[in-house]
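This is the structure I have questions about; it appears just below.
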């Protein structure tokens, strides 16, 4: 189980603004460990699913070029106070993490 | 090949003649050069003026000595001493002038 | 009365030879005010971003959801965990450790040592029978980040008490800052005063004033949160001077001096940097 | 020079589009496009139609990246019915950095922070109403993001 996702979600007018920060090493497989001199194996998030009250509003597919501790922001319509927002990711090792917040 | 060796020896001749330590570039020569260098290095250390280059040079010297290349080992140690000499010189110069940079 | 007058005389005589820390601080502010007449000096707490608009925009974008928020959260959690003896960090610090970073480093009259915040955190651990944490990154840096976060908005308030040992520590830190060292023969001053705001290869150099307000820092270059002493080590090695151990006497004295120079400036740690 | 290159890539995109049939559906991660080593392979595999430049897309990315390890990117567009937004960095070892599959609920504006190994053309491709639109920007990187 990966570390929890930090989510900031707010509603402005009829648009929900979501920002998420996901603690994750995002190793590209290119970096060389300074101590061992060996390449650090690939370890990166491949897919991030965002659900509003259980419905998928956005899916992000990522390669190795997304920065360490990834940040993502997106917007969608139709959310109101009390609605739930769930964000989950899956990485190339099969590890996952899920976090949920409620719109205020 | 032989010619190369000859040229190399010829090129080394002045060095061999000029530097007494190199005359006997063996384990003993390395040891005594190291002892001399270490004295200066200790002085640099005590004056808070060590360079990162010095440890590296000593390490290289040790590697060379371990492989029997005492000429190179002595050369590296002497280089380390030179760096320590310069570091000590900086320390002495700075003692009297560092205050000049302080805004008054 | 007579004694008082003599004391005053002595004071003035001494002041003529050695500047007091307060005179140093005011002279440093004047230095920056003259070098950057159009700059609000308080902006210097943001380091290089005070000088570089393009970099500043990217930094502000990072601040939207800065990567150090992870460290603050981890630090808060670690801070709340009790030691084996039932005590916790909050028992070691005034006000439970909340909003106190502006007072560090401080001079400890009992031991004569300069106590930095990180030093105090590990002291708290060892006093309670726990193993000390590694100094440069990880849990200690995260706890420091959390404590810094609770101190945001307070003004740096480092005190140099009337004790010759405290003043000597300050003077040693000052000498360290202004002394050229390493194969490249650079003093901290050469980069962060004379060349503050200019480019060194691809790096824009921060100014000395405000340099101590925003630690620990999540450096993109490091990819993690790290302490001020990690940066000290890096700076020294960049000029090819052998660095000291984190929390060595030398670096604690340096931090004491550097922090005093930022007195009166707003704490804004932890921070993110390139 | 720059123009030539752009024209070339555009040509390649068009050529690829003529040949292309839909290779991967967006319901799953287009792994092959993410593994592709050059932009042409990414686009020919990912987009089943011609990609045309559009001024209705805003690609917000710094001209000079502070640090290649963390380059903030925001893509927004006025185009209607946006199905996906992709971010492609030509000179990265694998150019496709991210692809966002949107829903009818989405407002087409996404932000992400990416790594760049060196200075490069960064482009974004938006799928809108079944068609592909793109815009790009040269980004200068002074400290590469591949070292860590």
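A few points about this structure:
Read from first to last, the chains carry the letters A, B, C and D; within each, the first residue is number 1.
Methods note: a contact is a pair of C-beta atoms (placed from the backbone, for glycine too) under 8 Å apart; a residue touches a chain by one contact, two chains touch by 3 or more.
Quick caveat: nothing in here was measured; it's all calculated off a predicted structure.
Between the contact lists of chain B and chain C, the overlap is empty. Looking at A-D alongside A-C, one finds more C-beta pairs in contact between the chains of A-D.
Chain B and chain D have centres, each the mean of its CA atoms, that are 54 Å apart.
Averaging C-alpha coordinates per chain places the centre of chain A 19 Å away from that of chain D. With centres set at the average Cα position, the gap from chain A to chain C is 34 Å.
Mean C-alpha positions place chain C and chain D at a centre distance of 42 Å.
Residues of chain A in contact with two or more other chains: 19, 67-68, 71, 73.
Residue positions 220, 223 of chain C each touch two or more of the other chains.
Counting only residues that touch two or more partner chains, chain D has 69-72, 113, 148.
The complete set of chain-chain contacts reads A-C, A-D, B-C, C-D. For chain C in complex with chain A, the touching residues are 64-65, 67, 69-70, 73, 220, 223.
By the touch criterion stated above, chain A contacts chain C in their complex at residues 3, 6, 8, 19-21, 23, 67-69, 71, 73. Residues of chain B that touch chain C in their complex: 48-55, 83, 86-87, 90, 94, 98-99, 101-104.
Those residues of chain C that touch chain D in the shared complex are 54-55, 57-59, 61-62, 201-202, 220-221, 223, 274. Of all residues in chain A, only 15, 19, 28, 30-31, 46-47, 52, 55-68, 70-78 touch chain D in the complex they form.
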